[in-house]
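The data blocks that follow each hold one structure.
The two complexes that follow have chain A in common; it is paired with chain B in the first and with chain C in the second.
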Partner chain A sequence: MYAYDELDRTLINERVSEFRDQVKRRLSGELTEDEFKILRLQNGVYLQLHAYMFRVAIPYGTLSSKQLRRLAHVARRYDRGYGHFTTRQNIQFNWIKLAELPDALADLAEVGIHAMQTSGNNMRNVTSDQWAGVAPGEIEDPRIWSEIIRQHTTLHPEFSFLPRKFKIAITAAEHDRAAIKIHDIGLRLHKNADGETGFEVLVGGGLGRTPFIAKTIKPFVSGRDILSYIEAILRVYNQYGRRDNIYKARIKILVHELGIEKFAKEVDEEWKAMGDVGLTLDHTAIEEVRSRFSYPAYEKLPHMPDELKQAAHDKLFERWRKNSVSAHKVQGYSIVTLSLKPVGGPPGDASAEQMDAVADLADKYSFGEIRVGHEQNLALPHVAKRDLPVLFKALDRLGLATPNVNLVTDIIACPGLDYCSLANARSIPIAQELTRRFANHDTADLIGRLHINISGCINACGHHHVGHIGILGVEKNGEEFYQITIGGRADENAQLGTLIGPAVPYAEVADVIEDIVEAYLALRDRPEELFVDTVKRLGVEPIRERVYATR
Partner chain B sequence: MTSPLEQKKIRITGPSVVTANRTWDGAVVYRTAKQGWSTELADSAIVSTSDDARALLAEATADDVGAVGPYIAPVELKDGGKVKPGNLREHIRAKGVTIDLQVPA
Partner chain C sequence: MPLVKQGRLTTDLFVHVADGAELPGDGAVLVTAERFLTDPEALLRRAGKVGVIWPNNRNLDDLVPHLGRLASVALVFPTFRDGRAYSQARLLRERYGYDGELRATGQILRDQFVFMTRAGFDAFEVKKDADADAFAQTMKRYSVFYQPTGDGRVTALNRRMQLRHSESAGQ
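Take a look at the complex of A and B:
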């Protein structure tokens, strides 16, 4: 956990007071909506179909039990008793009243949570691996660097009015769980030949109506130089990025139009021209941030405790353990993923009661810490293996032990037309129907790892381009239709999916997805070959033929 | 559903209303014939020509304190004069989400 200092607390509290005054002036008519809009967006407040939507940041996906309880309180007191975890380690509340928002923000500020820069054309929440600090083989905890970047870019005047929103993600593990290649800047921590820790810097990733996978512009930037290098990238973007056309304003368009070599050259020249602007991080500055992260006092525990051996005969427990429990860097401990994808449920939603209960379980079994992943699930990062059987029973009672992590029903979905003012079609009902179709866990296990991503419009909040199966809602003559892509992926081998055929109407989507999965099962060369690898080996055509032959 | 946020030219082809979100709480509201706002679609002023739609929207837009983001939305008039939302987006705004909101507790 990161402990905020007095400066952080003052900043957050002042922001609440400022926004309270802005809301008051808006409600009295002193501020027009045009004047107020930019102010509310800078505080995470959108206007959606039914109400204001309030997006709260969960920096690098780390929450304390106290913070999660406070989120539950906001859901209960100011909303309709639930929240929605997003693909960028935020939580959204869908039914907030503007008049009550300052109170909600003040309640959150008491536990160090805020909504600054969760919307608007600025530097958004810096995201990271939800297993940061506990994943085996990690170079080092990427949250240290996420926090350094967060501090530097929060309310930074040069980055508060960018041509468009700007997103950074950081990973330090071999397997990328932070989807860094679909971010404006992706940072991969690694060590160079001299053993020094630094970053591979990727730029220009992003989805939306013009999707791109980020490209590497510098294989290694040392940790001490990362702020100045990011600043150089942003200066080039600020100078050349288009402000005349919202659809061409993201840095990915600039990188594409300039070409990666030219863009990299511009950044290097800017970086050199900047000289020493006081952004070089010395050892003391880095260690100061590092020292504010606390880590559990782990016990020395056996690799295979008796409790785990005794529970092995319980088939339900074993199924869940194999699916949702992952290796931890400390012997005797595990990382436990809590699926927010129950059969028939809206992906990523959690009730206030669930949040409170998870906070209690975190206190009891995970040193009071919870993580939020971009796949819209939660995790308890420090669970002693001996506690897994009793934790499973508790999670099962809460509906948080669906053994479907990374399987076909672990669907990423945006809120879609049920909530979003930008959406063309619904996402959640499609996801719900698919979870019912694939509700049999034996079938889901047989299919293996398969990520389905659903977006209700081209803005791609459900990351459909990089789903193994991607579903995009569009409108045709007032009806909901869905384009389906296959072969995308968001990990270290990120790539965009390929359209498999004509768009299909709402009522046929689940049938088509079932047919795609059946085609894969018939075409894979062995049970271990993942869906996305079969698509890579064979291309789209053999699957297209089977799925569309009778349509 | 093409987002009404992209609504640029005003040309209606059937009965329409002006809708927005109430400023203080964001609730869905409809412009009434009495130059106010109501949360009930049945209370809305219904227009059937582009000129009338433009006038109703202009009047609604002037009330910046009362409601946010007014736009013209289609409706259907049923037998007996009952007003129904004219497309899925407006149906969702009028009736709420199409999904079961229950999350396991």
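Take a look at the complex of A and C:
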């Protein structure tokens, strides 16, 4: 965990008082709604269909138990008793009153949580691998770099009014859980031939109306130069990114229009011209940030404790363990994913009671630490294996042990038309219906890894383009229709899905998805071949034929 | 429109002269980039200071050779959500060493004062009187800064390292 010092605390308190002044000026009429809009967006406040929505940052997906309890408090005190975890390591509250927002922010600031730049045309919350620091085989803990970049991008005097939003994600593991290839800047930590740690820098990824997979702009930038290199990218973007059309304003369009070589050349020229502007990170500076991270005092524990052996006869436990428990870099410990995708529930929602209970469990079994992943699930990152059976029972009672992590019912979905003023169609009820269709966990196990992503409009908050199955809500003559793509993925082999056929009406979506899954089961060459690999091997056509033959 | 300069409400000595309008015989004038570049020498020869209003979508290369003789450069925020002039300001101050008046014009609200000052602006044509009056107060909003810029404010990281250094020196 990163521990705020006096300076970090002072800054977020100063931001709270600034926002308090802005709300006061809005309520008194001194600020027009037009002016206030930009200011509230800079602090995570959207106007939704029914009320203001408030998005709070969980930088690189790390929370302490104390922080999670405070989020529960905000849900209870200022909202309707729940929160929604998003695909970018944020939590959203849907029913906040404007006049109470400054107080909610002040309550959060006390535990080092803020909502700075969780919306608006600025540098958004820096995201990373939810298993950072505990995943086996990691180059090094990417949270150190995430925090360095978080600080650098917070209230940046030059880049707070960019052409459009700007998202940075970092991974240090071979398997990319941070979806860096669909970010404006993706950073992959690796070592060069000399053993020096640095980054492969990718640029121009993003979904929305015009989806692009990020391209490599520089294969290696050393850690000491990463801030100046990011600064150079942003300076080029700030000056030349389009501002005439909101749909063409993301950096991906600039990269696309210039071509990656020309864009890279512009950035390189700017980078060289910058000279020494105090952005070089020497060893002491990096260690200064690193020293503010604390790590658990792990015990020396056996690989296979008795508790685990005894629990092996419990079928429910075993199913959950095989599904939701992952390898930890320290022997005797595990990473436990907590599914926020119960059958029939809205993906990513957690009640205040669940949040409080998870905080207690984290204190008891995970050194007080909780993680949030972009798949909208939580994780306890340091659970001793001997504690797994008792933890399972506790999670099961809370409805947080659905054994569906990475399976067909582990659906990513945006809030959709139930909440969002931009949406064309509902997302949540589609997800809920699908979780009911595939409620049998044995069937889901048989199907294997399959990511369904649902967006209620072209803005793609539900990442539909990169779902193994992607579902996009559109509006046709006042009715909700859904376009379905297959073969997308968001990991190190990121790819956009391919449209499988004509859009289908709301009532038929779940049937079509069932048919797609059945076609896959019939076509896969062995049980281990994942859905996405079958699509890659065969292409869309054989699946399309089977699904649309009778339609 | 109220002008805040070096932290205080000030009378604006510069007259904005529209393209095509006749130049006053003396006194300070602000002219557009286009007018200025048509005949810079003639403008700079006249009695009275000259400032240039530089659009936010124009490369600074044409301006740089004249910086030493300009009394003001005015950068433009057509709306406050358009942040291109922040980059121009930092380049003028930090790369090209411009040390004359750097003025922010357009839709300027109090909520940008800190950002603008950090980027190098020292004069502000403020939209609302209340915001201009609140300048000094607003500049006190923040005492912690994460990024190094040409304004010389010490960053959080440097303060931490200084603290560490003085702690270890005291042992």
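Please note the rule applied: the second predicted complex is superposed on the first by the 551 of 551 C-alpha atoms of A that agree within 3 Å, B and C clash if a C-alpha of one lies under 4 Å from a C-alpha of the other, contacts with A are read in each partner's own complex, and residues count from 1 in each chain.
Assume contacts are C-beta pairs under 8 Å (C-beta built on N, C-alpha and C of every residue); 3 or more make two chains touch, one makes a residue touch a chain.
If you're wondering where the values come from, they're calculated on a predicted model, not measured in any experiment.
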- Pick one for A:Ala507: touches chain B only (first), chain C only (second), both, or neither. neither
- Task: Would you check which partner chain A:Tyr52 touches, where first means chain B only, second means chain C only, and both and neither mean what they say?
- Result: first
- Query: Touching A:Ala549 in the superposition: chain B (first), chain C (second), both, neither?
  - Reply: neither
- Message: After the superposition on A, what does A:Leu11 contact: first (chain B), second (chain C), both or neither?
- Response: second
- Message: Contacts for A:Ala297 in the overlay, against chain B (first) and chain C (second): which applies, first, second, both or neither?
- Response: neither
- Message: With both complexes overlaid on chain A, does A:Ala193 touch chain B (first), chain C (second), both or neither?
- Response: neither
- Task: Would you check which partner chain A:Ile96 touches, where first means chain B only, second means chain C only, and both and neither mean what they say?
- Result: first
- Message: From the superposed pair, tell me which chain A residues show up as contacts to chain B and also as contacts to chain C.
- Response: none
- Task: Within their complex, state which residues of chain C touch chain A.
- Result: 80-84, 86-88, 90, 94-95, 109, 111, 114-116, 118-119, 128, 130, 141-149, 155-157, 159-161, 164
- Message: Which stretch or stretches of chain A touch chain B in the complex?
- Response: 26-29, 32-33, 47-52, 80, 82, 95-99, 342, 344-346, 349-351, 353-354, 398-400, 417-419, 421-426, 428-429, 432, 475, 478, 480
- Item | chain C-touching residues of chain A, taken from the complex the two chains share | 5, 7-8, 10-11, 14, 17-18, 22, 30, 35, 38-39, 121, 151-152, 154-162, 235, 238-239, 243, 273-274, 277-279, 284-285, 288-289
- Per the touch rule, the chain B residues reaching chain A in their complex are 1-3, 5, 21, 23-28, 64-65, 68-69, 87-89, 92-93, 96-101, 103-105
